[in-house]
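Just so it is clear, A, B, C, D, E and F label the chains in written order, and each chain counts residues from 1 on its own.
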Amino acid sequence: MSFSRPSGRAADQLRAVSIQRGFTRHAEGSVLVSFGDTRVLCTASVENKVPPFLRGKGEGWVTAEYGMLPRATHTRSDREAARGRQGGRTLEIQRLIGRSLRACVDRALLGERTITLDCDVLQADGGTRTAAITGAFVALADAVQGLIDRRELKLPASGRTPLVGAVSAISVGIYKGVPVLDLDYAEDSACDTDMNVVMNDGGGFIELQGTAEGHAFRRDELDALLALAERGCAELFAAQRAALAS
Amino acid sequence: MSFSRPSGRAADQLRAVSIQRGFTRHAEGSVLVSFGDTRVLCTASVENKVPPFLRGKGEGWVTAEYGMLPRATHTRSDREAARGRQGGRTLEIQRLIGRSLRACVDRALLGERTITLDCDVLQADGGTRTAAITGAFVALADAVQGLIDRRELKLPASGRTPLVGAVSAISVGIYKGVPVLDLDYAEDSACDTDMNVVMNDGGGFIELQGTAEGHAFRRDELDALLALAERGCAELFAAQRAALAS
Amino acid sequence: MSFSRPSGRAADQLRAVSIQRGFTRHAEGSVLVSFGDTRVLCTASVENKVPPFLRGKGEGWVTAEYGMLPRATHTRSDREAARGRQGGRTLEIQRLIGRSLRACVDRALLGERTITLDCDVLQADGGTRTAAITGAFVALADAVQGLIDRRELKLPASGRTPLVGAVSAISVGIYKGVPVLDLDYAEDSACDTDMNVVMNDGGGFIELQGTAEGHAFRRDELDALLALAERGCAELFAAQRAALAS
Amino acid sequence: MSFSRPSGRAADQLRAVSIQRGFTRHAEGSVLVSFGDTRVLCTASVENKVPPFLRGKGEGWVTAEYGMLPRATHTRSDREAARGRQGGRTLEIQRLIGRSLRACVDRALLGERTITLDCDVLQADGGTRTAAITGAFVALADAVQGLIDRRELKLPASGRTPLVGAVSAISVGIYKGVPVLDLDYAEDSACDTDMNVVMNDGGGFIELQGTAEGHAFRRDELDALLALAERGCAELFAAQRAALAS
Amino acid sequence: MSFSRPSGRAADQLRAVSIQRGFTRHAEGSVLVSFGDTRVLCTASVENKVPPFLRGKGEGWVTAEYGMLPRATHTRSDREAARGRQGGRTLEIQRLIGRSLRACVDRALLGERTITLDCDVLQADGGTRTAAITGAFVALADAVQGLIDRRELKLPASGRTPLVGAVSAISVGIYKGVPVLDLDYAEDSACDTDMNVVMNDGGGFIELQGTAEGHAFRRDELDALLALAERGCAELFAAQRAALAS
Amino acid sequence: MSFSRPSGRAADQLRAVSIQRGFTRHAEGSVLVSFGDTRVLCTASVENKVPPFLRGKGEGWVTAEYGMLPRATHTRSDREAARGRQGGRTLEIQRLIGRSLRACVDRALLGERTITLDCDVLQADGGTRTAAITGAFVALADAVQGLIDRRELKLPASGRTPLVGAVSAISVGIYKGVPVLDLDYAEDSACDTDMNVVMNDGGGFIELQGTAEGHAFRRDELDALLALAERGCAELFAAQRAALAS
């Protein structure tokens, strides 16, 4: 009854989602994704080379890098390039983005190419990693389609493309005792449990990262959170499809 | 029928667990933990200082560092100190260990002290992070008890200690289509889905990190994995209690 | 006669200039500046501290950092945070931006505060450093005005503010033998001489950085370039004023 | 009238210049250059390899590195090797030296070789970068002549050598309102405007780097400074020729 | 008379020495060596590659790396991997270990292989480098024997193996005016002169590193120290032989 | 009979030694020392601060840094500042220089000051570390005398100064089977055994670092080498005294 989210949203309501393709012009895919006030620029870059451990195997690679502009946040953070190293949080997030996107790519069909997804946060208000994954998928789809359109990628007789599904991600958490969808910064800093869920459009889970910041969470709470995440990802897949169709 | 694990274990069987206290003598807590052939030295070091963001707040801090000896693995890995930076995997693991252990400490009762848990892998055969968390808890318990025994820590009238529960961790995964407990290296490198579960002894989940390496996992698979993890952690809590009682 | 610029512009014509204030919401000043296809996000962050060499002197500091998103350019560049160091070009540019902006600030009136100007290139098409300086001035002006509006800054009886003028910057060069204003990437990579000129709105020169990439330049060529730069900066001051008035 | 320079020099007077060839014996060119109390050791090293971006193109490369001994200055500075990174000033200067020297070399005639100019300041009293460029030219000339003398470099039928002119550099500035030539440390730390000018012996400008440290400079001041620089460089070319003839 | 060592040992008495082979299972040689409370894990790793300067020469290489677990010592030391660089002491020790072990290997007979000796201190009580050298020899011997046993190494007709002798090391010093053998931490921190001696089993000296921490040492003191070291190394060779025979 | 050194020197003959004081003017002590073609610039810098571990103890500190100009050697070496780290050899040498010089200083009499000895090799021909120690002592003596002359250092009633003796260093080695003094580069790269000996002018040994590069050395060889070193250091003490008296 007395429960209300700082933003006034319903417990199972996403923030306004926007996926703008072609935000910059040099990259093979370039998407500005917004989850409310969180805005992430995701670019996909195609290069005709692979990391050393894949050379000569005929397979491709998909990887990600993540960054946050120093003043994307309430108070200015140090610039990682100036400090001389990427922090643990950055490395953790970019590893997560890379694994998530690789889950929807058939690397054998990609050929000896690397697609790098650069996810740079222009403005942060919670959920930057889930927005990044959701937007990076669209940039990746554009980059793969470009390879096909320019006939750089030879498709097999079956016509199968290297993209074997869609991927999106959303956060869920327990805020003031209530499971809620898509935490913003105000909720994120106050919530007890926080979970990032990455799914594919076949309803399967790709990544699950839950952390109890306050009290540990019970099985029934987990079940409620997973149900919310499934609903949120379904909406995000629709938003991705709409963006790609436009 | 035809299903069998490389080690011959049952699907819900842990490897032999051993928790040896007092393995080295300088640290306030020093534990050699073994999950089968995986062996991790966990030491707890108490220092009378806290990181800058906590100074003057009367609270303590618990943190962790993780390392792998270069030849803990089948083939030699580079020494991170020689390369000049800790890798993303290392940072991710030590952040996980730190968060997990903080979940069982009342930092206000700890006072302005830092307890650092150094988890160094002497021999790796899968599951180093879960062994590290399970062993580090015992080292932490010894360090806290030492503070009490030496009367460096003044307990409140209630007699409550800074330790508010126990923490253990185990991996689960889907190997050849079957959910199994406590993956060893042979299983880990071949399995489709891999999840690390950190629990407290009240049955709550502290951390959940699941990754689909091959196909995405369904809700029913997830349920089976969580049930296995609950069973594994229960056995680990018993092993911790036995070690602390000896 | 046969001379024409790749963009079809006249020799003394700037690219379309746009200065959008309030592009992100956390920073005390946040400006997206475009010189044609070059787009730079300039934020001004105010912090109540100064570098060690100024502590206790009652003076403020103004400094700048510069970065380029990896795919701001035609081909992807390495992320400086991942490489672990800022390159010489980056350091050179951020030092230039910092010196240029300090030239329009009375640091004694600023008090013991630091204003950091982060200039991050979202899309590059030549002239990123001149766009950065021109945009950063507007972000700085917004940050200073905010301090005054929030009465954090006490103005002297004279009513003088810490901003003692305006600063803008433009590039000029000799392209196919003809002096031209505001080089884009196509011209920049082909031109013989390239000069960046920073001016104040009193008509004085703050920085002059000319480089002969092909043949050395003569005094008469230099005179022609400086005349173009004066004209370009005059237009930029008008654009800044219009943006600040809106 | 009342104007006087700390050193007693006339406004258009260089400090005593000395160019000593063969200062050390291993390098292909080794010059100790002095502009008054500023002393820089410039060595030219020839290696039969080029950077990756030039491999297989049949062209050579000329590059520079700059360093300052920790106690070249009034108070000891940190050793950059110990700090683990070269500072922005160092990188800026070595990039300037490299560009300046490349301006007098026909890299196609040099063949697939790199000549590295190491400029190490033994004692600093202002003007280290201009002394470095002036001295490095002589070291470069010795290295190129050595290649010709040892017949390692095949000259074309025209007899043209890779050296297409001479390069020298001098600083000018406005000290107490008066334009002066070749600033020493006492003037440099007190002057309003400071400009480094690199010229070739055909009277062309190669680099121009002017900075208004106090008030911005006007066009007529700039003209006076450039006239001084032309005169100073003319004297330096004579000193270089005398040194090379000895 | 009144002289006594903190440990109660005689002046020429080693601490209890233990050499345990096969301590971990992945490495080609794995030895836990103890000199009293000093415990070092020494592993030998064989790789079929050599450093760039040896490629194609048909020779092998032997090198060492040294590390100390953060809480091997009385108070916790920083983790070198986290600090981002190995300290001078670490580099000095690992260079010493590498040189010492190379002295007993015929690198031409080893073929194009590298054997890396990782010496990681689990617990420190003085003399870690001498324990490391002594234990690393046994790990090296196991690795070489393994190559022979697996017929990866073809021995010459003479039957000579790449191992041309044994190497051991011990510290000696002047404690309270008396020359003593095998300093422990209590002695090491209080002694005037400290010398590490590396010998081969032919009675020759391989390395000698003596440092006067308090007063300089005289020739007669040096002679006494060398005699003690010869005796200590003789005992260590016996311990190595016993370990290798078991 | 047939034995001869590449330089034609007798086995017990030093190279020409030169010690030039006041080589640069800013440092409190500045010495260019030459051992034949090896030339090292040694400066002593006095600063009124001590490292953290000595703060408030009333004692001073003496430390050293060592560097080699990139083209001090036959072929150009990488600049350590550009590589971003000092190599193991550099760290080892500067630790040796620092320990050696501290051996002749009463740090309690020095007061809370640090004297830093920067030893930069301008030209290398073997023996750079021994030349550096020998020259650094003279720079140190000048710096200490300057403190006394300027009355910054209050001497005790006894009149004792912080300098408690002199320190010099020389290398010895076995070249073609013959013990020789003061190895130059040609000998150093070909010799079997190489030892650096640091002595004080009371005939005591401060540091002894011997390495068998080829065969291990016997006790009688060691005795011969030490006798040569004693003779060499005696000559160096005379050269230091002569330089300080001039």
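By definition in this document, a residue touches a chain if its C-beta (ideal position, glycine included) is under 8 Å from a C-beta of that chain, and two chains touch if they have at least 3 such contacts.
Here's who's who by UniProt: A, B, C, D, E, F = Ribonuclease PH.
None of these values were measured; they are calculated from a predicted model.
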item: Intersection of contact partners for chain D and chain E; value: F
item: Repeated interface matching D-F, over half of the contact pairs identical, chosen among E-F, C-D or B-E; value: B-E
item: Chain at maximum distance from chain C, centres defined as averaged CA atoms; value: E
item: Whole-Å gap between the CA centroids of chain A and chain E; value: 51
item: Geometric centre distance via CA averages, chain B-chain A, whole Å; value: 28
item: Residues of chain D whose C-beta touches two or more other chains; value: 84-85
item: Complete ring sequence of chains beginning with chain E, oriented so that chain F follows; value: E, F, D, C, A, B
item: Complex contacts: residues of chain D adjacent to chain C; value: 85, 87-89, 91-92, 94-95, 99, 103, 195, 199-200, 202-212, 215-219, 222, 226
item: In the complex, chain A residues that touch chain C; value: 24-27, 30, 37, 39, 41, 43, 45, 47, 65, 67, 69-76, 79-82, 84-86, 90, 116, 118, 120, 122-124
